[in-house]
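Following this message is one structure expressed as structure tokens.
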Amino acid sequence: MKDDDIKNDSNLTVEVSQTPIADYPDWRKDDKSLTNAGLSEEEQDWFCDARPQPAKKSWQIMENFFNWARSNSLWILAFGTGCGAIELRPLVTARYDISRLGMQPRPTPRQASVFMIGGYVSIKTLKRIVRSYEQMQGPKFVVAVCSCAINGGMYWDSYNTVKRIDEYIPVDVYVTGCMPRPEAVLAGFSKLKELIKAGKAEGQNLYAEKFDWYKENQKSVIKDWNMPDYNW
Amino acid sequence: MSIAFKVFWAFISLGVVTVWGLTLNGMVHKIFARVQGRLGPPVWQPFIDIIKNNAKRTAITHGIMFYLGPVFRIAGGIGTYMFIPVLFGSAYFSNFSLSGDVLLVMYFIFFGQLGMALGAGEGGHPYSAIAVSRGLAQMTAFEVPFALSVISLVAQYGTLNITEIVAAQQGGFLRWTLFTNPLAVITAMISMLGMNMYNPFSVVIAPQEIPIGPPTEYHSSFLGMLATNRGIFAGAKLVLFMNLFFGGATNLLILMLKTFWIYMFSVFVGAAYPRFRTEDSIRFFLTYPTILGIISVLLFSF
Amino acid sequence: MKELFNTLSKQFELTDYQSKRDNQAFVTATSSQLVSLLTHLRDIHGYTHLVMVTCVDWLEDGKFQVTYLLHNYATKTDLGIFVFIPRDNPVMDSMHHLWEQARVYQRELHEMFGIDFPGSPGVYKPMILEGWQGPPPMRRDFDTKVYCEDTYSNRERQHKEPEQYMKEQLYPED
Amino acid sequence: MMVLICGLLLMLIGIWAMLIKKNIIRIIIGFSILDTGTHLVIVAIGYVKHATAPIVDKAVNISQNAEGGIQVLGKVVDPVPSALVLTAIVIGLAVTALLLSFAVRLYKVGNSLNINDYEELKW
Amino acid sequence: MVNPMLLLAMFLITAFLIALLDKLHRKISIYTIYAVLLIASGMGFWQLNTLLYNPNLSVVVFSAGFSAPLSISLQFGVVEAVLVALLNLFGFLGASYLYRRFLQSGAQAIALYLLVLLGANGLVLTRDIFNSFVFLEILSIATYAIIAVDQNKNSLVAGIKYMLAGGISSTLFLIGIVLAYRYTGTLNIDTWLSLSPIKTPGYTVALFLMAIGVFIELKPFPANGWALDLYQSADKGVASLISSVNTAAILFLYYKLMPLFTPALLEILTGAGLISFVFGNLIALRQKNASRLLGYSSTAQTGLLVFSLGALSLLGLPQGMVLRIALGLFITNLFAKSGLFWLCGVTKRNNLQDWSVLRSDSGLLIIFGIFAVALMGFPPFPSFFAKWQIIQIFGASQAWMWMAGLLIGSLLEVVYLMRWLGFAAKGESQSTLEKPFSKLFPLMVSALGLASVSYYLTLMYPQIGTNSIYPIMAFILFGLIDILPVKLKGVLAIAALSLWGWFVLLPPLPLMGQLFALILVGGSIVQIFAFMRYQGAAEGFFPSLTMLIFALGNIVLASTKLQFFLAWELMTLAAYLLILKGKKARVAALLFIVFSSFGAYLMLAGFSMMPNTVEGYLIILQANFMAIDWLPALLLGVAFLIKMGAVGVHYWLPAAYSEADDETSSILSSVLSKAGVFGLLMVLILISRFVSSSSISMMALGWIGVFTAFFGALMAVFQEDAKKLLAYSSMSQLGYIVVGLSLMTHLGWVSALYLAVNHLFFKGLIFMAMAAVFLRTGTRNMYEMGGLIKKMPIAFISVLMGIIAVSGVPPLSGFGSKWFIYTSLLEQGRYLQTALVFFSSAIAFLYLYRLIHTVFLGQAKPNQKDVKEAPIWLIIPQGIFIMAIMAISVFPNIITKPLSLAVGDYIAKPEWLNWDGYNLVLNSPTLHGNWNGNLVMYVTMGVFIIPLIWLLLVNARTQKVKQFNIVFAAERPYKPWTTHFAYNMFAHYEKALGFLVKPRVTAFYKGVAEGFHSLSATLARIYTGNGQTYMLHIFLYTIFLYLLLGVK
């Protein structure tokens, strides 16, 4: 497939209703550190307790340039969270070859800029997702693949699967399907690139600003919270 | 030549090698992709990646050595380059090569590796340390054939001075070390496979197993700096090899041609081979290339 | 298989022989004799492979049916043993000393059905449900839908007929 | 000469007894015999044929020599070995007595006179 | 002049009076004999004094007024006077030891004791052969009787064996006397000597019987089982009496008879003495019972005395000289052996391992140490000088076999005595000792006496300069003020050493010497600071430490072979004592001292083959004009290589370096090994006339160095213990130095010296920093540490600087050493050695990274949460070393130029070396190269600072995180221990190259030790404990020696 085809295929993506971050208060500037209540006293020494801060943007012209670079150098966190993750593998093959778009799977969250959530998210996985997401360095983007990630899909009544990822981490692009074809995933990434170039993919700052809200949601389902409040 | 002049030209030369080295890196990815039947990233992809990494908004640090690790690494790369004369007979592209000979260059290569290893160590990630231990172990092994080939050159030319070695190879391509001392060149090229850490000697950065080795914890501008160094360091090593074994270069065009082809050797090998385990690569380097190297030394010492 | 049942019946209190196939049969044993029966089967009759341990919730009868499935490599036969235990306060003897892997099954049964296996290593550690606080989810009196609606927020659904929708999307001009 | 041979023979018997007999008393007897043999040998060495004892009596011709010392004119046996033997006998007696007293005490302590029973100290 | 008759009469009368006096009060009789013995001893001293001023006074006394043949004559000359004085003194000390026993057992014991002394005195004084038989018997019978006073079974058994053996030997002696009398007609030794030699076979037999009679009384191996049992079982006071007084008296009888012997007989007996020495020590090797061990040692020492008397006489030395040498051995043995027996009695411990009771009592431990060390022949005790002289004489007269025997025996002696000392000093025990004054008093007197005699003899000894005394003085002085606070002692030591170094040591030395003086003494002084970190007095360090440093200086300052060797031995001894301070250092210290002694004996042999040094010149200056043969050069070379821990003889090194206290390890590694370098350099200077770089010997030396470097590095890679790692690293670095020295070129030596200086700096630095780490963490296993960079940043910086310098990464001075070693090797065409050196230096990265990573980086452990930075005393030396490293890195010429000048005294600087400016240029016909440390430094700083600034700009906001904030495959780490990659870090390397470092050397030395122990055990089987067997031994031994005589 050529780039033009992908642009034409952009209708494979769906606009979904946005997260209801109602009138939740923003983060307060004097709030610098977290309690890390989930850790024992000994473990408190081992984890950083700083609170994430929304990042400042540079000048617009620079930011545009950087956004161009970011969009052309999407490094994917290769963390197979669900069955949709299997769709990432065909993407790097000769047939689809995301590397021509400057994308490559990256084995460590530190270096990746896109988190691809590949399908249903159980509570246990959610914990890992939150951890990995927080370990990524901003600006960071999330692409959620599969119906399960959107509304629970076939696990709509499962006692152990969350139904809305965007309640727990900010999601930039959803890709529907059960499972979506690689083309659809690719289209999702193209969409993400557009969003980045347009400066609309600011999930990182959203997460920092509404950090307490996200944390509340996360903690409401993750009952054994045995990690720091923010995994630096 | 005034010192300011020298520094100025050193910067120019550094710029050239950075651009060329990164372009080479881009070409490598392209070639790998074509070997695998893919289109591959554009040649300028390394530049975009570096810009993006430097444009990251957040960064964390595990401590002062972690912070300095990439600085050590790039200082090692630039320093190595600074002590190599780039163009033969050029007053502008000789850097600070008068401050030492090939021994200095060989040891300055370690500067960056040691600093990087320390930084990775402070990251506290076990994978970093595992990778460093692999990398160092492999390094001890491939340095042996390389040292032997340099020694063979010393036996041949009677000098450690890189400029003099290049000078001895002037006057027709048949006077290149490649043709006058082929065994040494073969030895050195094999050890270069280890230096460049492409397959089959890529166990150090083993991406799936110990996520890309020492820089597991590095990100943002740290990673950008490391990526920049990949270009500079590759350039420096290639220039060194070109000088020692392939007759050096008198202008930038020849330099690019020669370094490209030298690099392509390890790239082609890397594209075609699977990976060695650490102990296997140690055994490999200490047998065949070492024997070749010893033969080449013995040939010239009598 | 029948002979085996007859032989075993002399020593153990076995009932309800059901032959599913030529090489597969199920019998019902009492929970107090289970461990000795399993030991006997493993050591004397060659049922050396524990295929699985699972549980069925007979809500109406107020019982759990714990099933142990064994395999004999020599005769290529499977033997299933049912043990019925009361639903309230379900306790079984642990048999991890016979097969090491049994501890995993028992851990799972404890997590999913709330059956206690005293003495089984790590049986109280969460396996899949980290930090689970509700009732054991595989019990039939646990209503997963209600739990799900209480716990996770729903996204309002946009009902679209797939065929129609795709047609609109892909071939709008038709 | 006979005395000499006798003495040597006695010495050998004594040595034999010391080396072969297990009973400590017998070993001591062996030692005694060895001692006696030695004495005989010494006397025999000092003996001069057809000479008298070195006692100044009428059997010995003595005269004053020029310096006023005594000069023995006739044949006497060498007096020195005889003197030595006297001393040696005394010493031998003392040693034997001591040995015997040791043996007695040893018997009291160890209840045995077999020399093989006293081998605790070795290596 | 004293009439010796009075002496004897006094003894007799008192002995009879005792029975009466005892009726009055027991104590009266005891004090009476004390008085008598003291008077007798005083008579000896008085006579000695008289004779020293009036040598011509008549000393021969005749009994009954008759002259020689008819009467008994007593001689009271100088030797007799000395012996009378000493024997009675020891009689007195022994009596005071036996005070309690005397109180119990009454008059007989006291009288018998006096009779023993009477016999001994008589034996010494008499010149009549039959009279000596009588005194011998008095001595023996009194001894038998005094043994019997002790009623226990074992001593009775031993006594009966002793009596039988004594009976046989006296019988032989008696027959010998009479037979001899038959041929000579006289019993007076002097008359006998004046006769013309008689050649008849009968006379030979007579002499033989006489000699063998006395000789067997001296307990030669293997005819000495009876004596050993006696030593083991008898009361220790009695055993001491037999070992010192009896043996001394009989030995003197042997000495008196010696001139009568035919050369063949003397040779056989001398040989038998040597065999007794060697085998006595060999069997003692596996002995676990302290008193029996002392028995073996005692017989061995007697054998040594017999041997040295005989050997020196056979070599035609004047009697005075023979006596003087033998006196040294004799006095040491007398004091030390009786002292040790008494000590045995005080500790009441038979098993050597139980001697750890001495730990609780430092006074007794010091006394024990003095005795043991004196017995082994360490300076400054007389036996050291005696052995030195004997070996020199053997060397001059080319008596190789004798020399070898003597040295082997001495080495074995060192092994078991040091093991014993180690048990005493380092064993584990809580029990305390009962120490009655009557038993302590003789111990203290003999220890003090030994020390003072040693001091006196050392001063008297020719060729000993005042400088050589300083180490000993320092040891004594600092021993006296050892209770002062450690800080004060440290300041005092630094002041004293600095003043001495500046005003005494440096001025007379040539440049090379000054250089080594700076390395050895200066390097040590810097490290004294580290010892000041201790709280309170920290007893035990400073005496040895100051002795060590003074001795190190003296090695350079020595102007004679003896001074050099003396300083060397003192250094070894001091280092041993320092190592022994380590908590678990018993075995390590033993290994150190055994290997060092082995080296020292090789050196001794080597020195004996060298021409004498010219007095007044420093040895380092004489090196230029002294010629030396290859064999001494080889021996000396091996000796120095042992000190440097070259491959094959490195066995002691890791153990000693790792088990010693941390500061000691630092000195051992950074300074002490340089003494070996100095020695090796001296040897090479000596042989530089006839070897060149390409000669086979130097190639071999080069390969030794290369393999040392290689295997040292490779073994360091696989260590978990940080100190072992550093120890092997030291070994590796010293290998480079050996390679450099082996080149025999100007550049090669400069590179070796540059390495030596550098190694001092960086190894001192790393050891100091690691000492701080060990101090704070309380462990040496690297995998138990981690993340200490945040807790101990200074230590981290030190180690970082250190490892950059070790690994040779530019821009620090380590690269200079690498550059020098490679260029000098390549310049000489040693290509393959260069390659292996390169490989070793690459391997160095592995262990260095491991050192810094596993300790300072990675995951911090919660149990090390409260770790603090090191005390200031450890930081001071680190600071000094860092400054030194920086200085020679930026300005390499401040060190290379003096080095070049110093080497230039011996090997001229070639034209093609250019040291001008900051650029080192090498333009030899075979090699061109250059290195500009200054420029490299600036360029490196430039290329470092520019990216750093860039990073600071870009990364303005960086979040500092903690140790568990790592990417852990979407999990989180739970335990720092399992998150820290440290244990078995180079497993893959071991898979690939581990086969090279199988502990072959360890296996070899274990095999050797095992072999010696089994040999020892097998030989000990001849002592079956059966009295008859012992008699058989005596007879067979006699017959064997007779047959040997017949063969001659």
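We just call them A, B, C, D and E in the order they show up, numbering each chain from 1.
Keep this in mind: contacts are C-beta pairs under 8 Å (C-beta built on N, C-alpha and C of every residue); 3 or more make two chains touch, one makes a residue touch a chain.
No experiment lies behind these values; they were computed from the predicted model shown.
Shared contacts of chain D and chain E, meaning chains that touch the two of them, come down to nothing at all. Taking the definition of touch as given, a chain qualifies here only if it contacts chain B and chain E alike; those chains are A.
Using CA-based centroids throughout, the chain positioned farthest away from chain B is D. Comparing chain pairs A-C and A-E, the larger number of C-beta contacts belongs to A-C. When chain centres are set by their Cα atoms, the one at the greatest distance from chain E is C. If you average the Cα atoms of chain B and of chain D, the two centres end up 100 Å apart. Centre-to-centre separation of chain A and chain E, using mean CA positions: 73 Å. Centroids of chain A and chain B (each the mean of its C-alpha atoms) stand 37 Å apart. Centroid to centroid, with C-alpha atoms defining each point, chain A and chain D lie 116 Å apart. Taken residue by residue, chain E touches two or more other chains at 959-961, 963-965, 967, whereas all remaining positions touch fewer.
Multi-chain contact residues of chain C (touching two or more other chains) are absent. Each of the following residues of chain B touches two or more other chains: 58-60, 211, 216-217, 220. Contact between chains, using the touch rule, shows up for A-B, A-C, A-E, B-E, D-E.
Those residues of chain E lying in contact with chain A across their complex are 862, 865, 959-965, 967, 970-972, 976. If you check the complex, the residues on chain B that touch chain E are 7, 54, 58-65, 67-68, 70-72, 74-75, 78-79, 82-83, 96, 98-101, 103-104, 107-108, 110-111, 113-114, 117-118, 121-127, 129-130, 132-134, 136-137, 139-141, 143-144, 147-148, 151-152, 154-155, 158-161, 164, 211, 216-217, 220-222, 224-225, 277-280, 282-283, 286, 293-294, 297-298, 301. Only residues 42-43, 45-48, 50, 79, 108-110, 128-129, 131-132, 135, 226-228, 231-232 of chain A touch chain E when the two sit together in their complex.
Remark: chain E residues 130, 134, 137, 140-141, 144-145, 148, 151-154, 156-160, 163-164, 166-168, 170-171, 174-175, 177-179, 181-182, 187, 225, 228-229, 232-233, 292, 1017, 1020-1021, 1023-1028, 1031-1032, 1035 touch chain D in the complex. By the touch criterion given at the top, residues 29, 33, 36-42, 45, 48-49, 51-52, 55-60, 207-208, 211-212, 215-220, 223 of chain B touch chain A in their complex.
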